[in-house]
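Naming follows writing order (A, B, C and D), and every chain is counted from residue 1.
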Amino acid sequence: MSHTSYTALTRDQIAERAAQDIPDGAYVNLGIGLPTKIAQYLPDDKEVFLHSENGLLAFGPPPAKGEEDPELINAGKEYVTMLDGGSFFHHGDSFAMMRGGHIDICALGAFQVAANGDLANWSTGAEDAIPAVGGAMDLAVGAKKVFVMTNHTTKTGDPKIVSKLTYPVTGKNCVDRIYTDLCVIDVTDKGLAVTEMVDGMSFTDLQALTGAPLINATK
Amino acid sequence: MSHTSYTALTRDQIAERAAQDIPDGAYVNLGIGLPTKIAQYLPDDKEVFLHSENGLLAFGPPPAKGEEDPELINAGKEYVTMLDGGSFFHHGDSFAMMRGGHIDICALGAFQVAANGDLANWSTGAEDAIPAVGGAMDLAVGAKKVFVMTNHTTKTGDPKIVSKLTYPVTGKNCVDRIYTDLCVIDVTDKGLAVTEMVDGMSFTDLQALTGAPLINATK
Amino acid sequence: MINKAEKSITDVLSQIKDGATIMIGGFGTAGQPAELIDGLINLGVKDLVIINNNAGNGDHGLAKLLKTGAVRKIICSFPRQSDSWVFDELYRAGKIELELVPQGNLACRIQAAGMGLGAVYTPTGFGTLLAEGKETRHIDGKDYVLEYPIKADFALIKASKGDRWGNLVYRKSARNFGPIMAMAADVTIAQVSEIVDLGELDPEHIVTPGIFVQHVVQIQPASTEPASDESTSTAATA
Amino acid sequence: MINKAEKSITDVLSQIKDGATIMIGGFGTAGQPAELIDGLINLGVKDLVIINNNAGNGDHGLAKLLKTGAVRKIICSFPRQSDSWVFDELYRAGKIELELVPQGNLACRIQAAGMGLGAVYTPTGFGTLLAEGKETRHIDGKDYVLEYPIKADFALIKASKGDRWGNLVYRKSARNFGPIMAMAADVTIAQVSEIVDLGELDPEHIVTPGIFVQHVVQIQPASTEPASDESTSTAATA
């Protein structure tokens, strides 16, 4: 297979790209790992409210060294701070925010995304794996928009965007947009619509790296 | 029908009698009307926590004249005060206390009580009546013990304690004890057990004023 | 900058259209958003569905709204009161629909909506007229009635203090339905006695986080000055 | 005089017997009632069912409890962590039963227990392995799974301050499961950093009203003094 010459986005660049689509005033939950990086790229002229499942709204950047508080952590168990106007609440209210449709956007990592928006990100289904799910299923069904952030393929080059999940599902028909190191894809009723590709990427090559039919919706 | 000579309890005396059965540390909801009077007869050496459905725990006696606060009222819309150690909460938590079995005792008025503990106190079923239920059904199913306080008969002499309700039910099998102006009755698996009668009352006469079979359990 | 503090009750209520479902906070008059209700009356919208614990008292507030004929249906637990004559007359004349709900079911159905639940099995009302025709189930030795969420297009509530992000704290028994209604409505409009600067409300003490509140209007405390049209609300300075 | 303040962790925990179902607060270590867990380990009860968000970290606290073999089953949302080796080993050896519950379902099932609901329809987990075999229902255009309450004999939680009536306030993200677990257990035991006089906690700021709390134990802040047997708890003076 011949490749055109393109440069994949770094993890930080994926986060930076996704951050551009977070509107002013949005209530946003950032999943553990890559999605968390979005916080670093939110522009200063916007007020975005970060929610953490363990009972924080409007938390801020990590504390200065030496000022860490073991009772002020986010869902990833990282130290955070609170912004003026932030609030604490219990797990019941926190998941009411998620399940009840009050979170505008959540950004999640993925093992696989299917063409219909099914998401797999909690279990590889491996026999000996210890399962763990946390709040992923709540975010998948509850957030108004679900953004997925992922490398376009696995380390071994297998597509992560597929016609049908082979990994156990986290949430059905829940993904709205996919940010990969190669492109941005909207999950639409008509299928997976590619709206942006990295410089040098051709639609044909992108399709070859993808396990489901794509629609070219780039301008 | 010949009567022995007895003196029925006043409303205050019924409340005073019921108050004796409220143990130290009990969480208690007092219904509107006669049950509210219990508060006046709770002994000073006990700490009893009064709950009001509109979001108060450990409220206290009425305020001094001129110190009424329109935002500090009980379920009967009467002015109250708060004790040190009292708390405010929303309706969700307030009814979780009731429905969730956290209230030890509620005292309610009644139109009728049936031999199996069915309670009618929200509607006479009259055709033109405007219905209203409030929190009565929640207390009936939720409180650990339901005390009923009522005159033994209606103003026209009809029994209020009956074999089967003729008025619409508030809660099924929910009443534990009945305090009337004539006696105290425990609702048991075997039937209505009279544990106390007013001075001068005979069991035969009490039975004649009652629409359901009584068991004489007086000592 | 996100600023949910609004200057004009008239402006903020203008998004409410005929046929809207509206939750109104309050238990009796405690926590009743009187100025917002007056604004709703002035707005002149019709065919409303109102959710409130009661059905109005006397001739003002909710009762006045009912009297204008704007309300098609009311969902409440305790309509009949000594001073509920406006509702009583409409009800007897068949001019208003009543859905009578036990107070705790009203609360937990509102909570179910806010929490995103599809339905709940509640013990309250089992075997009563208010559960007639409803699905029931015996679970773990006890009987329950299946009840569905109560959602609303708007919630009009009263709080004590708010900030420009919509965070709210309440005062005493005026809290009642406010926090759970704010969670169950698409758009929550809170009237407050004071809009404070961001950060003035302690994050440990905030009862309703701003995520549940879309608009906050400060109501000028009653004064002896003659009221002009806009004088019931003042600009937020936060 | 009602005094829920207890002097000795050992005494207050002694009511817990083999086979008990116990909720333990905390999200990671924030809000984890470390001293109560140590007390539970020292108590030596067996055959426990534990409800917690996680399944222990490192070799102390909940992980240490698991390691003693005292836990028959754990109900949690996120057992697998980089330092969950104690649980991992027990699970792989088939020595502990796991009920994996999405975190929000864990929360709302605990809430359902506290609220006295028989069951709830939740959208979370629909169509996934975690809903296999569970009843489902399509309501108003959306799919839901029927989930039942999670109750407990005991809840062990950590709060910041408490009083002799059991009123509690929490600190920052240590609040997490504490308030809802307190509502769902027959007996709630709270460890606090400080027991204050009645009335010192503002009634507007109390997060868990005392009705949900049966015992409060003050944990002495870590000091450089050598620890004696009872030194982790001090007498309440309220």
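By our rule, a residue touches a chain if its C-beta (ideal position, glycine included) is under 8 Å from a C-beta of that chain, and two chains touch if they have at least 3 such contacts.
Just so it is clear, the model here is predicted, and its values are computed rather than measured.
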Could you tell me which pair, A-C or B-C, is linked by more C-beta pairs in contact? B-C
So, in whole Å, the Cα centroid of chain B is separated from that of chain C by 30
Just how far, in Å, is the C-alpha centre of chain D from the one of chain B? 35
Distance in whole angstrom between the CA centres of chain A and chain B is 56
For chain C, which residues are shared contacts with two or more other chains? 108, 115-117, 122-123, 170-172, 203-204
Of all the residues in chain B, which ones touch at least 2 other chains? 82, 88-89, 92, 95, 98-99, 141-142
Could you list each pair of chains that touch, in label order? A-C, A-D, B-C, B-D, C-D
Could you please specify the touching residues of chain A with respect to chain D in the complex? 52-56, 69-74, 77, 82, 88-92, 94-95, 98-99, 123, 128-138, 141-142, 168-172
Listed in rising order, the residues of chain C that touch chain D in the complex are 108, 112, 115-123, 137, 139-140, 142, 144, 148, 169-172, 203-205
Listed in rising order, the residues of chain B that touch chain D in the complex are 24-25, 27, 47, 49, 51, 57-58, 82, 84-89, 92-93, 95-103, 141-142
Which chain D residues qualify as touching chain A in the complex? 27-31, 77-81, 84, 87-88, 91-92, 98, 100-108, 110-111, 122-130, 143, 170-180, 207
Which residues, counting only chain D, touch chain B once they are in their complex? 1-2, 113-117, 163-165, 167, 183, 198-199, 201, 203-204, 206, 209-212
